[in-house]
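One chain, chain A, appears in both complexes that follow, with chain B as partner in the first and chain C in the second.
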Partner chain A sequence: MKLLFEESKKGRGNAFLPAADTGSYVPDEKYLRKSALHLPEMAEVDIDRHYTQLAKQTHGVNDGFYPLGSCTMKYNPRIDEETASLPGFTQIHPLQPLSSVQGCMEVLYRSEKLLCEITGMDAMMFAPAAGAHGEYTGLLLIRKYHQERKDFERVNIIVPDSAHGTNPASAVMAGFKVVNIPSNDKGGVDLDALRNAVGKDTAGLMLTNPNTLGLFDPNILEITKIVHEAGGLCYYDGANLNAIMGRVRPGDMGFDCVHLNLHKTFATPHGGGGPGSGPVGCKAFLQRYLPCHKVEKKEEGYVFTDPEMSMGQVRSYYGNFLVVVKALTYILTLGKEGIREASGKAVLNANYMMHRLKEKYEVAYDQTCMHEFVLSLEGLKKQTGVSAMDIAKGSLDFGIHPPTMYFPLIVHEALMFEPTETESKEVIDEAVKIYLDLYDKALSDPEYLHSAPHHCPIGRPDETKAAREPVLKYEFND
Partner chain B sequence: MGRYIPETKAQQEEMLKQIGARSLDDLYDMVPEKARLNDLHIPEGKSEMEVYEELCDIADKNTVFKSVFRGAGVYKRYIPAIVKTITSKEEFLTAYTPYQAEISQGVLQSIFEYQSQMCELTGLDVSNASVYDGAVAAAEGIFMTLERKKNEVLVSDTIDPETMQVIKTYCESRDVKLVVLKNRDHKTDLEEIEKAITENTAGLYVESPNFYGLIEDVEALAKRMHESGGRIVMGFDPIALALYKTPGEMDVDIAVGEGQQLGMPMGFGGPYLGIMTCKKELMRKLPGRIVGQTEDHDGRRAYVLTLQAREQHIRREKASSNICSNEALCAMTASVYLAAMGPRGLYDAALNSYRNAHYLAEELGKIGFTRKDEGEFFDEFLSVSPVDPDLLEEKLAQRKILSGLKVEDGILWCATELNNKAKIDELIKAIGEVL
Partner chain C sequence: MFKNPEELKYTKTHEWVKEEDGLWVVGLTDYAQDALGDIVFVNLPEVGDEVKAGEVFSDVESVKAVSDVYSPVSGVVAEVNEAIVDDPSLVNGDCYGAWMIKVKDVSGTDDLLDAKAYEEVCAQEA
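The block that comes next holds the complex of A and B.
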């Protein structure tokens, strides 16, 4: 379909603003922009239709099943959008006098308390704008901690080979070196490898539990103990918290700091890749290093304070505030029982779906999973030539968003499914049937799957061409 | 019955039976006893009605000002109704990062359109799909200037203080040496640059308009940096670019900006939009998602996430940045805003702001709030304060007017297209009455 610029017609436009009535001041010629400004010239109706067409070529959670592993694509409740749209939140300048923003500060304060209870942490801040940003902030807590103790040798962050790619990337951004350790044959942390890796140079360990294989590591208390005994700190990547919220807390597993993804666990929408919110939480002994602008409750009301040894700021102001409003609405709606039930149902749905798919597919680590599980299509590929990618693309024709492909890296031909708690048994049964049929199709007609999808707005795009001959913007002719 | 969970009790039983478990708790058998949580100490869940009322009560504790004369990085502007309508479409709202191009052409095309608009606005060659906000865009932009042997950067102290804080944190964590340049009359001082520049200087970061609203001589600064093999990163105001010289026209290497003004409400600080564009030669140093145009196997035009060899999910510890989620829906918001306003609408927003701010400066000057600086300003300026700024803020707040921001040496005032003659005259009258 056409681009905005291709629909533009010189002379078209809209009248949103009146003429200024304050005089005819104009800037001096020498400051002025000389080049033409090519923005679309379109009538409102055509803009509206343009985006309606784009929406039809976009698959959201509301369009159908979205079992994208590690992304927790649960239903985004409409009430959360409604509360975050209240003018009393949207029309507030971040630099208003404190007395005029007590409601916003209450949102931050109450969200902090609730999420601290859910994670077993003592403090939580909302400055980080996304998960990776939260990782970066959490790692700076660890860095500050060692620096204040003049423990400058501690430069290594240990990361298991099953970790999200953001973990090692964040560690480098935060000034650390990365030490990768292998997983054991059950998909968990190899304790001997960990024991060998820790030492005087260990700043900390970054871990997701349940990990990216969807497995809860039963040795978790031993793992955090090994790191602590070596003088390191333990960082919890909260991407997979949806599996355990209300049942196990990172704080009780021995973690010292965490980040959460409100856009995963706490049902705020992903918006096609953001805005998210990646609050960072920590135990009391790390609180002094948190970013500036921490909300405290005083007799006279809520105030902002800067922690004693603050790392400074990682983002302007207080983070993606309106996203926090959505998450607070969600937590208040679910409450203690709802939170527990959500995690339990997420785990039930995943185990049920895994159990059903086992009829034909091979599970990478065949044991009780948490909120997600990983299939390996290595055998199928050897037998038929049909890859994980082919099966994923095949599912597109049935209105299903594919699972995460080729991740975690330690499983060959991986497909990682996370059905979430907000899908019904009927939806899962239907999806299972589609995936089992695709398996049969792989045996009977592999060519068909190599060229799938067949019924989407486009077929498989040429990614090599995109990278080799980059076209990254529209070229205007004049 | 849990909230947003469609399964019935009977279905749950059936599913448990099939997988050979007796209860949900059974599924957590592998969790060590010691780590299990017995009781979560948060309140019971509430009905949607109760939660809505509660959130309305909280929102009511904030003051929504009728007229806002405060900017300092965040601006209240008119947002055409169509912007919210389009960006609330549930497909856009509830989709994830567009990894699966075949069913994500809508989001991908919209990002491609956004990138095109940002390049057009800034006069540069390449844009990414956004980062978290303007401050982080500045920090990431500065990182782009670094080279193996050049690890020092210069930052003018005329920039937004929030941005300065973020830059400091980012530079410290990566062991980048940061030199803050003292201003002269609230503008970046070339002499200070001469004093600070060394062979290790990788880049300079300035903003124009700067924090005090003044237009900087970016061309001269760019020339100076290029003479010694460094780069210049410019923080811009996207509305001002409808009026003023573009970063591209001034030979800027990397342009970064806060995109909040392009259709996003103030929202007590976010979500906002970090805009980043650069010259083509720096393309592979640009962090974050980038969408490119290609074809499918039938030759149909298609859009995909591209140049991913820079990114964390491929490169892990060798990535150019750790960024994964960005601010995609905010980028779309900006794109819809710019399409709706069009070139003339954006020009009007800029010119109206310019005129209103200059009228405001004149009128305030008449009652003793004279301008502190000389030189060209866009829609913000610094004035002296003949009265206690805190008292002024308090008194005006009682009339639902948000005064200019008290800063170290005066009050920083702002007028956008919303602050028309009636609003400004009302402000002047109110100041006269309260003092």
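The block that comes next holds the complex of A and C.
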């Protein structure tokens, strides 16, 4: 399929704008650009067809089952889009007088209160643009905390080997050293390894609970206690909040700060590159280090304040505001009971699907799971040569988005499923049948799966070439 | 079957090592490059860095995942193979030619295996 630049024809376009009646203005020579702008010139119909064509080659949650583990690809109710489209929220400017955007301020204020209630935190702010940005901001909180206390020795962040890849990356970006600790045979944190890892150099621990195996760590109170006793802080990665919201709170597990992925857990379509929202929440003792521009309620109305010892600004203005509007709508439409029901059903769906797939597949950690579970296809691969990748590719032919593959790293030939609360029993039953059939196909005709998918517009793009020789920009001839 | 040349020593974590002109040359085994799949990125230490036997000195990224590489010996990095940084496919193509680092001032080694013992390790994992 052609790129917009390749479809461009000089002079083509749509003259919908009336001629300007104000005369033209040419800026000073030194401000003029030296190279051509190269905006594609196209008719509206061609632009429309281009994007429709692109959309047809993708698979979204509105197309079908999308069990991409750890990504919480659940359905985003239309009402959330509707409120986020209200002109009072869209037709605003970040610098207009606060008296004219009090409603928007109230959205941020009320969202903060509700999300603090859900997470057990005392304060939250919405500047970070997505999850990894939230992690980074949370780690800067931890850093600031130790530095203010002149505790400069604390340079290590402890990360379990089942962590999301962004955790160690964020820790390094924030100036820490990463200490990896192994998981125990139940998939949780190895307490002895943790005890050996903590010390005077421990700045903190980063943890997702439930972890990327979809398992809730039953030792969580002991884990946070060990870190606190060593003088470190505990950071909660909110990636898997969908499993526990309305049931247990990171703040009660002993965590000092969290980030959430509003786009995952609270209803914004994601996976296409944004916009997301990764608000950071913390306990009261960290509040004074939060980034700038936090909403406070005063007698005269809502105002922006900068925390006393703020780390400064982590993003322009106030974050991706409309994502917060969707999150607030989502929380208010579900209500306290609905939030609790959503996490319950997400966990029930995952367990149901896991138990049905166990008929043929091997579960990596065979125990009650939370919102997601991991299969290991190591045995099947040894037996038939059919890999996790082949099964995932095979499922594409049946209109299913592949589960997360080859992650977490501690499980070989991993396939990680997260059906979410969105799906009905019928959809899950149908998907289970497809996966069980694919298993049989692996035994009877491995070659067929090596070359799957057979009916998709794109089958097996050359991932190796894409990684070794990435083409990241379009080269113009002039 | 994986190639495990007789003249090399191996680790359980799938690195090979050999002594050559007073330096210890380290690389990834055939089993490792096969299990990783197409390698797309190699991160090497710098000349002068210390490495410790049994500890991570490098990471390699394949289409599947990022994996740590462990040093078979303790010592100081004398040379690094920049060629595999520029073209990681060399490791998949010829893993025993595409060495990763050469180590000097070697003070100790991990438990090293001969080709036969290493073959058994591979057989257990495969």
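Methods note: the second predicted complex is superposed on the first by the 452 of 478 C-alpha atoms of A that agree within 3 Å, B and C clash if a C-alpha of one lies under 4 Å from a C-alpha of the other, contacts with A are read in each partner's own complex, and residues count from 1 in each chain.
Everything below uses one rule, namely that contacts are C-beta pairs under 8 Å (C-beta built on N, C-alpha and C of every residue); 3 or more make two chains touch, one makes a residue touch a chain.
Just so you know, these numbers come straight off a predicted model, no measurement behind them.
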Name the contact category of A:G165: first (chain B only), second (chain C only), both, or neither.
-> both
Can A:A467 be said to touch chain B (first), chain C (second), both, or neither?
-> both
Which partner does A:K382 reach: the first (chain B), the second (chain C), both, or neither?
-> second
Of the two partner chains, chain B (first) and chain C (second), which one does A:Q57 touch, if any: first, second, both, or neither?
-> first
Dominant toucher of chain A (residue count), chain B or chain C = B
So, does A:L95 touch the first partner chain B, the second partner chain C, both, or neither?
-> first
Touching partner for A:F321 - first (chain B), second (chain C), both, neither = first
Residues on chain A lying within both footprints (that of chain B and that of chain C) = 165, 407, 463, 467
The answer for chain A against chain C in the complex is residues 165, 382, 405-407, 409, 463-464, 467-468
Chain A-touching residues of chain C, taken from the complex the two chains share | 38, 40-41, 61, 63-67, 88-89, 126
